[in-house]
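Structure first, commentary second.
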Amino acid sequence: MRNLFSPSRAALLLFFLAAALLPLALDPRGHLIRVAAMVLLFAAMAQSWNIVGGLANQISLGHAAFFGLGAYTSTLLFLKLGVTPWIGMGVGAVVAGGAAALLSIPTFRLKGHYFALATLAFAEVMRVIANSLGDVTGGPVGLSIPFMGSQPALFAFRSVASYYWIILGLLVAVCAVFHLLASGAIGYRLRAVRENEAAAEVAGVDTFRVKLTASVISAALTAVCGTVFAQFTFFFDPDSIFSLSGISVRMAMIAIVGGLGTLGGPLVGALFLIPLEEVANAVLSSQAAGLSQFAFGVILIGAILIQPRGLMAYWLRTPWAKTRRAAATGA
Amino acid sequence: MQPLLQADAICVTFGGLKAVDGVSFSLNAGEIVGLIGPNGAGKTTLFNALVGLQPLTSGTVWLDGERVCGLKPHKVARLGMTKTFQNAALFPDMSVKENVTTAALLRHDLKGARAKADTVLRKLDLTPIADADVADLTFPQKALVEMARALATEPRVLLLDEVMAALTPAEMDEVMAVIRALKAEGLAFLVVEHHMRAIMALCDRLLAVNFGRLIADGTPAQVAAHPQVIEAYLGHGAAGKEAAHA
Amino acid sequence: RAADDVLVGVIQPLSGPNAQFGIGAQRGTELAAEIINAAGGIQALGGAKIKLVAADVPTPNTAAAATQRLISQNGVSAVVGAFVSSTTLAASEVTERAQIPLVTFAFADQITGRGYAYVFQVSPKGTAFGAAQFDYATAIAKAAGEKIDKVAILYEDTAYGTAQAKGLREAAKAAGVEVVLDEAYPLGITDVSPLVNKLRASGAQIAFPVSYLNDSLLIIRALRQQNIDIPVIGGAAGYIIPDFKKGLGAYADGVLSVAAASGDMIPDLARTYKDKYGTFITHEAIIHAAALDAVAKAMEKAKSADPQKVRDALATLDYCGGLAAGVPGGCITFDKTGLNTSSFPIMVQWRGDAPVTVYPPKAATEKPVWRGKTVE
Amino acid sequence: MLEIRNLCAAYGGPDVLSSVTLEVKAGETVAVLGANTAGKTTLLRTISGLVARARGSVTFEGTELIGRPAHTIPALGLGHVPEGRHVFPRMTTLDNLKMGAFFHRGAGDIAQRIQRVFALFPRLEERQGQMAGSMSGGEQQMVSIGRALMGNPKLLLLDEPSHGLAPIVVDELHAAIGAINRQGVAVLLVEQNAVLALSVAHRGYVLEAGHVVLSGDAQALSADHGVRRAYLGV
Amino acid sequence: MIQALVDGILLGGVYGVISTGLSLVFGVLGVVNFAHAEFLMLGMYVAWFAWRYLGLDPLLGSALSFVIVFAIGYLVQRTLVQRVLKAPPAAQVFLTVGLMIVIENAALMAFGSDYRSVSVPYQVEGYRLGDIFVGAPYLFAFVAAVVLAGALWLFLERSWSGRAIRAVAQDPMAATLVGVDTRRTYALAFGLGVALTAFGGAVILPYITVSPTVGGQFVVLMFTVVVLGGLGSVAGALAGGIMVGIVQSLSALVFPIQLQNLCLFVIFIAVLALRPQGLIKGA
């Protein structure tokens, strides 16, 4: 019970409180709220990734596959069959979860870099399929969500703030799932698998099932993020939705820069990287071609050189965090 | 009475190498059997084959009348057989108790597993270090935690792979006392160890392997006196004599 | 007191794989702003100067945020740009909802196909370019006395490639010409041998590749290596930029390509551009200059920089000359969907260091050459 | 030959070695005994320059080793057989041996050196083409020792060479260490197996929790009551 | 069919060489270098400038690419990569992602966004052997690639430095104990790895244009090659390269070329499922 008021929880609560109050201070149709929404959305994506990447230490570089599946499923259901994206979102999650389960079969034995590259290839496969099945997916041109004004039942709103609230809700849900997994029985098993798979098996952990569960949940949540992203930006095409650098790597990078496998990592990472990129773009992109990306890369390198274990390492080093950790193991 | 563990002509090959070559033996409840043999004789491989970490090329393994070969390790663990790792393979980012709890989850829910872990840790006198990170442990402590983790799966057969290597004689005695206490509860052990002093003092029976093949099976005294065992493993020097003294 | 500046947003891919086109387009826009400002700015607004606010949008994912920033942080009256279709589509979702006019060169059919009120396309649709690529080439061949009944279409599988290939395919069907090879290939292909093998086996008389630069060089060189003498009719993009010539040298000469515009139609601008940037003016620069010109003209007409009024003025714009002279047809008149109805594709042919307009005759500055023979 | 004075060492946490003073004279075999984590391995690693945080002094034939880059130390005449063998697993036995002469790569007598190692460990000659990683533990131990000998060391540091080896191999090793020492190479031997260590050593030190708690000649140590109980298991 | 096979092998040999460097860096440093393809781009630029201003054929300019990029790689390793060698692998990956962004955009600022291409006489030549047709630039690049791969093999197998690189790759601590300067060797291996790739970039310059983003065209391909061959295996990279070349080439016979990479990646995942360590283990 004393955990309820631990400094880490307090910090988390503070974060969500600040996030909830933020729209009051911003123009509901402006740029800043869009950036804030992007921060939260990318935090949710990174948190979904963190379930596989952080808890199970399966560094996936192909989560864009699930992200895109979510976006395509809900959007196509809506465009072709008129199914509201609220339902499409769920269907997308199921489809992505199924795809993750299918992908687990050939990849579950793979470790480390081999796993990373197999997932990367999977996302590429999805991209090529979306690109070449023009009749179904709209092909390389991509898909547009029709402009319908404000229709909450169809997941369409006029103000960015509405999307912001939805994304905030999504982030809270993803964080809750992450926390439940991390602190529950499966959390123990995932960490065991992460640290030594053979030993975990011998200690009675069904490593395949544990990994499968984690990747299905992670993929499903990622797909939900994909649907929300599609609804929020109204347009996507295969190259951007299945993008290695734009989605897959970014999800992983946020979690890693923030702190792999920690609940706060994706939040901190998104809060650091997304605004940073935005500022670099706003300030530098009219100066010289490439300068803003260059600056972003330099800062990224700097962040990793200074703290390779992620920004959360600073928090974990503070006395408050230490007491919490001791309490957690004692509980 | 049927033996608790029965291995029938098991073989494991790596490419052309026969690491385990037609080994058959049995193990009864409450028995401690030692497995000795030169380096590379196939002892660890045999262990891995028994628990399902290493697929068998041929042969059968029965655990209490059930075929366990071809099952994944976690299934074998559920049926009651597990092993420790030659080079302690703990989960380094977890505390001692978390390591043990993970294994206890095999038969309990989270709450029950925590309680089970406490019991096991108490039994092995590890309660004082329950919250320590395993990365900070000393070698013998690690070996004990390996055993604790294995015990938390509530096995009937426990395979110990050199848990006493690198222990001082005094430390070895402590571990042997624990093993004997567990034997009294009905656990069966298969023990790999190169310390003949420990092996001779602990085991009811010895198996000796060389080049993957079983070369001797009998009481410790019989096996230690077996010419092939002396030739391939014990030698005539000081180390071998140590065995004879024990 | 000088009038306040009017702000116009420019979104272009300034980094990433399309940077070269984005930079060219941005230069065109900048040059246009200089010209308009030098001529006294927006007269109706007391000589207000146009001030450009640029944003780099290397990918569609970055386009929405960048466009939103220009709109709500900088308060631009209109947005010009995004050479790349997908990026433009992403940006148009923001401009439409924010009710800010977006004037573009990107030519995916979908841009004006969604019934959006705030998006304007200065040059024809992608399918129109494909159709023109086919129609013009067969017309030139016919005039040279060659009858075409088998053609090959090779295109990269991007929005641009597929749209234009669709136009080609339909035009061929309409003309009763057999398409013996119709092959999409991945963007960034590093080896075209399978493509060229198929082309050689197909027996096509003309090849219509729609591609960026590297693939176009690969295709033309591979044809040369294998001594395949099939005329290649480029589909804009890679075929009409200075690097095409640098890459192929003498082999560039005589290559035909469809284009949205050409420097020889607006010599003054072309000269200024060349003096300033050292290379001939590309069609994306010309069209984007015209796009900004249209925005300026709309502001004159609306006597306001208010986005809503600018959009209404754009919708009813109908003028010729000025920087719009660079657009084939020389005029800008947007229809209900936002498409400039007075413009049409042209065909250019490499002569020395730059392509010149050779077709259709109403726009041509020189006669086309088919297989070494000047076509009258 | 090797003089260690007031050596302290740490890996970032508290000191693992505190004020260790120890010496090895030319031609001597010196054993270091101690329980787990007493700091035996750390002692050898510090001598070889692998532990960054070391204070005090370690001189080898008058040269101060503390603060020297680790890779320059073997050339002074120190051979180190690390705990856990550390052979190059995907190199042949022969290449592993050759690597031992890396800092003498110009030397013309490499073939002779290899022959000398083969004379000591005939098994290695039989297995010279085999990947070292696929050899048995005892064979790998021989490769590791042979590799250290390739540098013609004057002092050989051996860290638990008998760990995990079959009794018969332990005996062979025992003989080999004696033979190496008789060729004039001084040996600093860290062993869990105190019986073996004291039977080949001239002198010994007992290390506990980073401190030298006892030292003396091998016979005296073997007779010491505490040593007998703790390390000889009697 | 045979034509496609020949095309595939010629192309694959070059894929092999540009990927060998990546494999080497992984094998020795254990770092998956996402920035690797950027060094291909740098190598191409060096060769392009050598052609433009010194009149050197890219096949000769490749030597210059090798040397210059080696120096750059050596420095990058000493100043950046060295610092994360002990960090978690995920941090290493993202350091190199950062490096990739920096190098690509630095090139954009330094060289502009132009597509640069050389013109050499053999660019438009080809040889015919019966029905089989071979483009000269492909053939020359292939030969150069194979020669270099052979030289690399000899270097690693026979020279002291090569042996030291292998030793450090397999056990850095033991390597230190026999007197190998591991830091220098790491830098040497990284420099060599990127230089090999730069060399590969130079020899393909006669048929590939260079621009700041050219690395992006190759990066996924390079990883596919390396993983197929077995990470860290230099010989494997060559085999993996040829396999990728053949798959690409043969798949075009049956499927639309658009699906070339689909075929490749499906085969890739299938191979990994059957052989989780790649086609060839270790080397």
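Chains: A, B, C, D and E, in written order; residue numbering restarts at 1 for each.
The definition used in the following text is that a contact is a pair of C-beta atoms (placed from the backbone, for glycine too) under 8 Å apart; a residue touches a chain by one contact, two chains touch by 3 or more.
Computed from a predicted structure; not experimentally measured.
J.: Hey, how far apart are chain C and chain E in touch steps, shortest way?
T.: The least step count works out to 1.
J.: So which chains count as neighbours of both chain D and chain E?
T.: Chains that touch both chain D and chain E, as defined above, do not exist here.
J.: If you tally contacting C-beta pairs, which comes out ahead, B-D or A-E? Let me know.
T.: By number of C-beta pairs in contact, A-E is the larger.
J.: Among the chains, which is located farthest from chain D on the basis of C-alpha centroids?
T.: C
J.: Any idea how many Å lie between the Cα centroids of chain B and chain C?
T.: 74
J.: Please tell me the distance, in whole Å, between the geometric centres of chain B and chain E computed from their C-alpha atoms.
T.: 47
J.: Averaging only over C-alpha atoms, locate the centres of chain A and chain B and give their separation in whole Å.
T.: Whole-Å distance between the two chain centres: 43.
J.: Can you work out the whole-Å distance between the CA centroids of chain A and chain C?
T.: 37
J.: Among the residues of chain A, which are close enough to touch at least two other chains?
T.: Answer for chain A, listing residues that touch two or more other chains: 128, 131-132, 289-290, 293.
J.: What's the complete list of touching chain pairs for this entry?
T.: A-B, A-C, A-E, B-D, C-E, D-E
J.: Could you list, by residue number, the parts of chain B that touch chain A in their complex?
T.: So the residues of chain B touching chain A come out as 51-53, 72-74, 77-78, 82-83, 85, 89-95, 97-98, 101-103, 105-107, 109-110, 113, 131, 149-150, 152-153.
J.: What residues on chain E touch chain C, complex-wise?
T.: Residues of chain E touching chain C: 3-4, 7, 11, 104-105, 108, 112-117, 119, 123-126, 133, 135-138, 207-209, 211-214, 216-218, 221, 245, 248-249, 252-253, 256-258, 260-261.
J.: Within their complex, state which residues of chain B touch chain D.
T.: Within the complex, chain B contacts chain D at residues 36-40, 86, 138-140, 162, 165-173, 194, 196-197, 232-240, 242-243.
J.: In their shared complex, at which residues does chain A touch chain C?
T.: 27, 29-32, 34-35, 38, 128, 131-132, 134, 139-142, 144-147, 158, 233-237, 239-240, 243, 246-247, 278, 281-282, 285-286, 289-290, 292-293
J.: If you look only at chain C, which of its residues touch chain A in the complex?
T.: Where chain C meets chain A, its residues are 14-15, 19, 22-23, 53-56, 58-62, 64-66, 68-69, 71-73, 85-86, 89-90, 92-93, 96-98, 108-110, 114, 116, 157-159, 161-163, 184, 186.
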